[in-house]
Structure formats: C-alpha cells, structure tokens
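In what comes next, subunit A is part of two complexes: it sits with subunit B in the first one and with subunit C in the second one.
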Partner chain A sequence: MWKKKLNSLTPLSSNLRRSKAPIPPPYTTATEFTSKQILSSSPKFKTQENYSFSFNSSSSKRLFKTPRLHLGLPNLNSNLFCSVSSSPAAISHCWNCNAVASGTAPFLACQSCRSVQPLDPSIDYFQILGVEKKYDIKVETLEGKYKDWQKKLHPDLVHTKSKKERGYAAEQSARVSDAYRTLTDPLSRAMYLLKLEGVEVDEEERISDPELLVEIMEIREAVEEAADTQVLNHIQAQIQKQLEHWSESFADAFCSRKYEEAISSIQRMTYYKRANEEIVKKL
Partner chain B sequence: MLRHSANRLLGSLSRSAGSPATSAVLQLPRLYHERVVDHYNNPRNVGAFDKNDPTVGTGLVGAPACGDVMKLQIKVDDETGKIVDACFKTFGCGSAIASSSVATEWVKGKQMEEVLSIKNTEIAKHLSLPPVKLHCSMLAEDAIKAAVKDYEAKRTKDNGSAETPLDKAADA
Partner chain C sequence: MAAEPAYTVASDSETTGEEKSSSPLPEIAIGIDIGTSQCSIAVWNGSQVEIMRNTRNQKLMRSFVTFKNEIPTGGVSNQLAHEYEMLTGSTIFNMKRLIGRLDTDPVVHASKNLPFLVQTLNIGVRPFIAALVNNMWRSTTPEEVLAIFLIELRVLAEVHLKRHVSNAVLTIPVSFSRFQLSRIERACAMAGLHVLRLMPEPTAVALLYAQQQQQTVHENLGSGSEKNALIFNMGAGYCDAALTATAGGVSQIKALAGMTLGGEDMLQNMMHYLLPEMDNLFSRHGIEEIKKIGLLRVATQDAIHKLSFQSSVQIDVDLGNGTKICKVLDREEFEVVNQKVFEKCEFLTRQCLQDAKVEIEDVNDIILVGGCSYIPKIKNILMSICKRGELYSEINPLEAAVRGAALEGAVASGINDPFGNLDLLTIQATPLSIGIRADGNSFVPIVQRNTTMPARRELIFTTLHDNQTEALIIVYEGDEKVVEKNHLLGYFKITGIPPAPKGVPEINVCMDIDASNVLRVFAGVIMPGTQHPVTPFMEVRMPTVDDGHGWCAEALHRTFGSTLDLITVKKKVQ
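After this line comes the complex of A and B, so read on.
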C-alpha cells in the first residue's frame, strides 16, 4: 500500500520499489511497542499481531515499566528508541569470518574481513546514515555518511568475490542509496517517518477542501500562463515559503504525534512540490 | 493554450509511466488505450465558466497523493434541469485529464439526476484505465457530483426554498 503510494507521489521514492527487502517494521523491541501503544492518540496503528511476538517475549513484564519513564520524558523518546533499536544488530556475526559485529555502527559490512553482509531490513534509513530518527535532521551530514558506505559496499568493489557476496553488495548498496535519497528530500523523509510509525496513508483519498484546491488551481494556472522567467521565479518564491511553512507544520504535528495533521501537511507539501516541478520544467 | 496543454499532457504521461521523459513519449501508444491518448491530444471542453453565474455549478476536487486538482463545471437550464454545457480544467496525470474530458462529454445534454448515476467504473472501462489509475476516474465522478451539488446549493440559496430531491442525491 505504502509502496504504491510513494511511487505515485514522487520519483525519489522509486527507490523503495527497487528495494527487494521487505519494509522494516516500525518497532524493534517490546519496549518500543508498549510505549507507542500508550503514547499514541491515533487509531491508525497497524494491527496488534504485528507486534505480538515481542509482546509475548519472556521479558515483557520487566519491559512494561519502561513506558512510564518515556511518558515523563517525551522529548527523549526518539533518542531512547534509537539506542534501543540498534541493540539487536550487536549480536550479529559475519557470515564469512564469524567475527562479532562491533555494535557501534549498523552491521552492513564486516570490520574484520570487510565482507559485505546480507541485508537486514530491521535497520532503518536513519540508522544507516547515522542520524537521529526525527524530521529535523542536518541534511548536509548525510552525503559524507552515504559516500563512506558506498566505499565499503559498492558492487564494483566485490566483483572478484563470490556470487553470494556480489548479491549482498548489490542489495546493500541500493538500500544505502535509497536511504540517502529518501532522507535528503523533506517530503519523502516525512512520508518515511510516518511509515516507520506504522501510520497508513490512504493513497486513493480524494479531498474537496475548497480553500486548498482553489489556491492550488490558481497557482497552477498562474504557472501555466506565466509569460517569462521573472513571473515564474516570483511564483516559485511563494511556493518555497509555503513548503517551508508546511514542513514546519509537519515537524510539529509529528513530534506531538498528531498524525492526522502530519498527513494533512504532507498533502500540502505534495501539492506545492508538484507545482514547483511544473515551474522547473518551464524555467 | 492548446500547445501548452499538449506539452503538459505529454509531461504528465511520462510521469505516470514512471520512465524518463525522453523514452515515454515514444511508448505512449503501447502504454495507454487509444482513447486516453485521444483525450490527451484533443481534450474536450477545456475551459472555465464564471463560477458566480447562478446557472453554473462548479465541482473542485483533488487527489492529494498525486498532487492532482480537477475542476469540472456545468451550465444548467433552470427550467428543465438539463445540463446544456460543461467544461473542465485538470492539472494532473494523463488519466485524470482523460477522465475529466470524458466526464464533460457524458454530462452534456443530460438531466442532472442522470449524471449523478455516472460511475467511475464506467469511465475507467471506457478508457481502459489500469488499476493504479482507477482513482483518477473516481476523481471525475466526485467532480460531477460536486458540480451538481454546487449548482443545487446556489439555487436553494437563491430561492430560499426547502431542499429539492436533488440535494439528497448529490449528497449520496
């Protein structure tokens, strides 16, 4: 469902379609599950069976105490989740030399023998690129991390290795590219965050909000009729302001877990982005 | 204007096809039913009526996931309730443009009660739309209903009278 939506929304997210691995589920431990259940005010969560195995884990009683701590420290949630969610990867072993993963970085390649590891879909894009799982990230830090990974994972580097490892490299390298593209673009980053939270967005939804639609219609007509680049630049500047405004709205709504509002902001951003694409075509 | 539309249409098509713009244009005939291509190249009834005209009903709908926006307007004979003219303006993918173009053709000359029964599946079938593009035809169906509803709302307001049966149908 989400894959289809993303594909129709933006070419940037075509990366998601290419990824062979299933989308990582929006949880990693029972701790996260219980916190979400309590903190969430939205009914749009995935069904409980998705979480049931962690819920039934032997340590569930102990973990039940954790959410209260989170409730008291809402701003630290994402930090706590990030640190928690990296732990399962820490017990991984290299398929080639059997070395234990260090645990400080996502285990995509072995530190000892440099072998590329099989794809682990539970490692999300934020973990891959070493940024906190939130909307307001420093985009300029992503490129360096992305290039670092490609220096270790790129298929060209393993062309003499086994077919198995070449396959791993192809998948890992593609996924790192997906991660980079998805997190670089504000709109696709916003949609990816919602997806990690398990929030469903109805791709077939139709709206009749006259205020928004009249505005979009007027912008698109103005772009179509614009006679010179000066006019187009003027419209583009206005659209840019709107994009920034709704980007902030998304960040606020997402932080306070108002997912309906977050989706509404994403819709606005999609409309402005489309209009901007038309401008770019004409410029 | 027409040239603009054609450029826009081709641009939208390449997006829908998910291929680079350069190759998509060449692949058009194979990817889309000839009727879609026809409505692309010669969109029927593109334009706008004065939305403040009391005989005009305006339907404005959007599909936020694609960033599509569609305006469909009807001009109604007050005496007979017949739709004497229709026009549309759609910014969106090719299927959305073709769907609204077909919709204006179908509503012209019909009674308002009649056009409310136009189903998106009929439009989709007529254009042989693929499943992923069905929501474009839904958008056209929504636009027809919204236009009728808008016209009825205007008339009710002008007459200050009670609801007509059509209002209920439009809400359905």
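After this line comes the complex of A and C, so read on.
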C-alpha cells in the first residue's frame, strides 16, 4: 500500500515545471532566437530548430506558451567561470516620470516616482534577488530582498493607482515571488540555473540507472517497514546526507559545465527529496 | 508627485505616494469582523486603530437579527438581550455557519436544532431558513441576515466618523470557498458596502503582529530579522491556523489551514450530552420546543464559558413539562465529550506547520485568538505541539482580527502614516487548491493550496475520445481527490477542437489569481506543431455558479456522461 502511494505521486518536479513560464535567457541582444521543443525523453542540449519566439512578446502572452514549449539557447555570455555577476541592464527610462534607471538594482520600480515598471523578462531571478548567479548561494539573504521588493511592487500597495500600473505590479510581484520560491529550494534553483544555461531538464524521464532504482526500492521498503519514528529519523538522516552529496556534485558538475552530470545529480536530488517528503508525512 | 515623498519624513517607508488623480483625502476603508456569534468594527483614526462602540458602549456586538415587527433589527442596535429573544423563535443567528451551503451539507444538518427553522430536502439547494413571527414562518437567507447587521454596522461607523462609509475590509474563515466569499460580497452589496478585501482571519492577525514587531524593532533599534508566528484562531463557527513569516512590516503567509469547527460544535456536543434525546424532542419545532431548546442552549453556553475559568459548574435548568436538568459538570467531562473537536484542532495545527515547512523550533511566537482561545484545553494543545510554556500575550484575542482588518483597510486605501505605522504588507496565500475535473471523476489541482498570490499557473490536458470537438471545463476548489467533495465554482465549454485522435489536441487550462483574490480561468486548444491557439482563449471569471448549484454536477453528468471529458497529459514513456 505504501508503495502504491509512492507510485501514484506526481513527480515533485512536475509541480515546479507547471509553475514556471518559459524563461527567456539573460543578456540577449538578438530579437529572435531559436529553441526546440523537447519531445524526446532524454535531456539534450539545444540545437537550432524551428520554434521561434519573439523577445518583445509581452508577458501577457505567457499564457499561450505552454510549458511543453521549452525555450533554450546557448548562453551568449558564456564564460568559463561558474558564476556571473549581475550586469546592469541597458539604460531604461521610467514610463511615468521618464527618470533614468540608476543604481545597481534591477529596474523594477522607479527610484524617483516609485512607479512600478513593466516586466522585463531579461532580468533573471538572481539579478532580481541581488545574488550571484551560482548554485551555492546564501538562502538566508533572499528573504529580506524578496520582502523589500514586495514592499515596492505588491499590487496591494498600488491599487489606488492607474490600471496600467496595477497590471505591472501584479506581474512584477508574481515574478518576484517566483524568483524567491525558485531560488530558495536547492532543487528548483539547480534546474533554473541549467535553464538559464539553455539546458532543459526533462522531469518526466524515467530512471534508467539500475543502481539508483534498487536504492529507491530499498528506501521505499525501509520506510514502509519502519516500526517507529526512531527508524524513520535514521532513514531521514541518511537521505539528508545523500541530498547534500548530490547537491555538491551538482555544484561541481555545473561549475565545470558538465551538464549531463548536473542533470543526473538533479534527478537523484528529486528522488531523495520526494522520499524525504514521504517520511515527513509518516512522521 | 516629486514633491510628495517629502511628506514621509526620514522614514525609509516604501509605501506608495498618492496619485494626482485621487482625491486629497482618500476614504479609509473600515475593518469588519463578522463572527458567527459576535461582530465588531474598527477604523484607522489617523494614528492608530480604533474599535467603534455602539450606543450601549459595546465593542463586541452579538451577530443576530430579530424578525419581530415590520423592520428586522440586529444585534448592533437591538436593546433587548439576545438570550430571551432566542426563546421566541424570532431570532436568527449563526448565519456565518450557514452562508453559501447546500441542504446536503452536514453543517446545515447540524444546525437543525437551532431555536428557529432550518429545513433540508437533501437535494442540493439552499436550506429553508425561517423565523417564527406571529405564529407564521417568515423565511430569510443567510445573506439577508448578514446584510441587516452589516447595515447597522455601517450606520454605526457613519455616525462615529461623521462621513459616508462605503469601503470595507472583512475577515473571513480560511475554509470558505470562493462561492461562500461571493455570498459575503452579496450581503455587503445589499448593505451598501464595497468590499475592498476579504481577509482570512488569521492573516488579519498576522498583519497586526507584523505591525507590533515592527514597532518593537523601531524602539529597540534592533535588527529586523525574520520572525515566524503560528496563529491559531477559533471562534464559534470556524477554526483556522496560519503560519506567518514577518520582517520589516511584511507578513508573508506561508501556510493556511481551516475547517468548520468551533464553539458551536462544542455547544452542540454538550447539549446532546446533557439531553441525549434532544433531537427527537425538538424535531417538531413548535413554539414550545423552540423555547426549550433556547433554554438549554443558554444554560449550556453559560456553563461552557464558566468552565474556562473554574473546574466545575452547576447546571440547573427547567425545560418545562417535567424535563429538568440538574447536574454538576466538570472540566474533565467537557474535555472528554469534545475530544474529537480537540483532536481536529491538533490535526489542523500540525497540518499548517507541515505545509509551511517550518520546524517547531523555528516558530518564535504562538498567537492564540478567537472566542475559544480561553478554553484551557486549546491552550494546552498549542503549547504541547509547539513545546512551549507560554503564548504570545500582546494581542487581545477578541479584537485581533478586527484590528488587523482595519490596518489592512488603511493600507489598501493608500493611507500613509508619517511614523511608518502603516508601512505594512500582507502577502497572501491561497487557502484551498483550485483545479478542474479530469481523468474520470478526479480533481486535478492547477493552483495548489498555499500558493503565494498573485499567481498564475497552467496545466495541459487532452481529449478522451477520438474526434472530440468539445470539452467541458468544470472548476472546483478544495483538497479532496474526488471532485464531489470539493466546492464547485463553475463550468464552461471549449468548442471548436479540430478533429483529431484522442490525446492529440493540447487543452491548456490556466488559472490566474490577482492580488484582490479574483480568479480567472483561461482555456484554449493548441494543436501539436503549432504555437497559436486554434481559437482565442476563453477567459472566465469564477465563481459563476449561483444558488442551487448542487444540482449542476449531477445534471451535467446525466446529460453529457463522459463525452466532453478531459484527461491530464500522460507522462512521456521511454
């Protein structure tokens, strides 16, 4: 019965996927780029193909881009370092008072008149939350930045303003929430990083590594047969260790741009995380 | 605009400036807490929240309406004591428990022994509710009853503020469906009130807590580090739990959990305990029976209140015709009789903590509010779950929700406070999942519960049959696997699906919730290999259902069977 329950669970990652609008890559100057719709089950890197996406499309069109239409392209700004510091966006003007964007923070709200700006999808989550674009970030720092933004962008605070600005606030606020949620969780942060690099992780992929399959079965059985919370706590500690291990190996693989390895780390993290959630439910 | 920020002095306030077009003095929305048994009203007076009093100098007014003469009167203005009028059958109360519910709902069935008429036919329509006036049943609805005392509250505020009042923030139980919210909005509209926000009760408390924490930080010049608070709210009708993470005046709701459970359930349990044959005795619902049940109700309620402060109580009530109840009731008995209620409280709290993914050790404060917060057992449950010896004491349990609502009213009206006391924000989360019927009779959530708002989520479905040209999108809210156990919000049809083998057309269903909690559902068809929808996406604001919607699901099933069904897109197989 326990097994059935586990089997019937939707993969955690599919929850993450459905929540994300396709993310245009950062630092792109070209107005058009290509990507592919991944239909095969094995994760592959981008090859130029037929699905084109205009960069100017407004966010309201997000709706029409289904999660299956994954975007991706080689990062134009690719370099050999594993982190990229936030680069200032092109010069922007406030739609309301025409003030020029200043400072290092991304231009989501005007510093002079406080108007919320239209959504700029080229600003990535790391830029929004003011952290380096790398896996190993201090999660504790995100919360403060996130709340700072919400105090500038949240629709509740601008609903005496024009309809246009309220629309901007709704989109910006939702995006800042997505940024916070994505970067807080190690697994979704890892997948997002790969996505920014143009690597799509296929969450639907079945595990083909027999060793991992056996291990997963063993964990399931152990959880199923666990007699008391002490045993469960013990299993949980082991899973935590594995999570940490694969988290580190993702960081290494990502740094050295070994994306196949990075993806396989992500898969393992997905399974350990799910196993952990099952234990928490049982505890 | 540029000159405006000078007003906000040296504070690093991030509250937005006024727009030129808006009037110089925006109307400050009032905060209203309509409880199952009591209601209150408060407003930001320019420097703090002030709770308004009625002519009898009460801050808390009973939520009831008496239909005696031509004009019904409510608990705000009515001078007579509620307890005696309850014996005549002309007084209607507990409407917050009944609003937006069908006659198949167990909560409605449990309300049948109230001292007025609640009748059910079990067919999925609204129950028949009536007051006994001059030996005749005068029918009413929960919306009408709520509207009557909302009008009284509005008049009270207008007298107090010496101005017209139209905007309001109301607190609502976490477990309310969007259909129930639409009923509350209707009651407000009937009372001439425009609803600025409907705030889940514990989130209003969270906002008040956020303000208190910010003031503490200001005073101590300490660091504004994040604080987690567990809020447990239990009134007469509903029970809610919330976990809020607060920093710098911003309260982020991490999880919400709620159920229809409150003092009323304990009262019913105790009444059945004291008079086991109660339901049979009162089934006739004549004037005599109403008087008896009213007497029993008043006596039992009084005893329960006393048991919060003393270990035993003497009950002595004569119901007439030789039925007398003479008994000493102790607190232990009360706790045993209501064991299930307390178990549910514990379950709800644990669920909330688990959903928030916050460890008990990381909870800084435990806030217990609502009428039932005085019950020792409830306090003990919370302290034992959280492994704490004490609860947060800076909040008045009976005033917390209305104070939070008044704060939200001021913030949402765009009011600035030079001292930064309104430098606040609540980031809400969805209390219930929202999804559609698919894969047979399953509920497939699209927006999961506890999703931060505003939010937009989408999911892809496909057709069940070959050459299926239409599909029915039936939207439900809730967290049960089977659709019928969730709340129906509405339905619409997608037409013009190009003929294709089953499983080929992609039906994209997207749900958007804005910061005002308005739900919009978009649906459209995309054929594989194309990027544009076949026909423009349909956009529907939910809920669309009206009264009697209990019929709908069954009628839809009878008429269409599975012909217009959808299934979720299958996992890709290797």
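Keep this in mind: the second predicted complex is superposed on the first by the 195 of 283 C-alpha atoms of A that agree within 3 Å, B and C clash if a C-alpha of one lies under 4 Å from a C-alpha of the other, contacts with A are read in each partner's own complex, and residues count from 1 in each chain.
Note that in this section contacts are C-beta pairs under 8 Å (C-beta built on N, C-alpha and C of every residue); 3 or more make two chains touch, one makes a residue touch a chain.
Computed from a prediction, not measured in an experiment: that's the story for all the values here.
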{"item": "Which of subunit B and subunit C A:193 touches, first, second, both or neither", "value": "neither"}
{"item": "Partner chain in contact with A:179 - subunit B first, subunit C second, else both or neither", "value": "neither"}
{"item": "Residues of subunit A touched, compared between subunit B and subunit C (which is higher)", "value": "C"}
{"item": "First (subunit B), second (subunit C), both or neither touched by A:161", "value": "second"}
{"item": "Which of subunit B and subunit C A:217 touches, first, second, both or neither", "value": "first"}
{"item": "Which superposed partner A:97 touches (first subunit B, second subunit C, both, neither)", "value": "second"}
{"item": "First (subunit B), second (subunit C), both or neither touched by A:243", "value": "neither"}
{"item": "Overlap of subunit C and subunit B interfaces on subunit A (superposed complexes)", "value": "202, 204-206, 208, 281"}
{"item": "Subunit A residues touching subunit B - in the complex, by the definition given at the top", "value": "4-5, 7-9, 11, 14, 201-210, 212-214, 216-217, 220-221, 224, 266-267, 270-271, 273-275, 278, 281"}
{"item": "Contact footprint of subunit A on subunit B as seen in their complex", "value": "4, 8, 11, 15, 18, 60-67, 69, 71, 89, 91, 132, 134-135, 138-139, 142, 146"}
{"item": "In the complex, subunit A residues that touch subunit C", "value": "15, 18-19, 21, 39, 41, 51, 62-69, 96-97, 112-114, 143-144, 147-148, 150-152, 154-162, 169-170, 173-174, 177, 181, 202, 204-206, 208, 280-281"}
{"item": "Subunit A-touching residues of subunit C, taken from the complex the two chains share", "value": "1-2, 5, 14-19, 21-22, 26, 226, 245, 247-250, 252, 354, 411-414, 423, 425-427, 446, 448, 452, 454-460, 506, 508, 510, 514-516, 522, 524, 526, 531-533, 537, 571-574"}
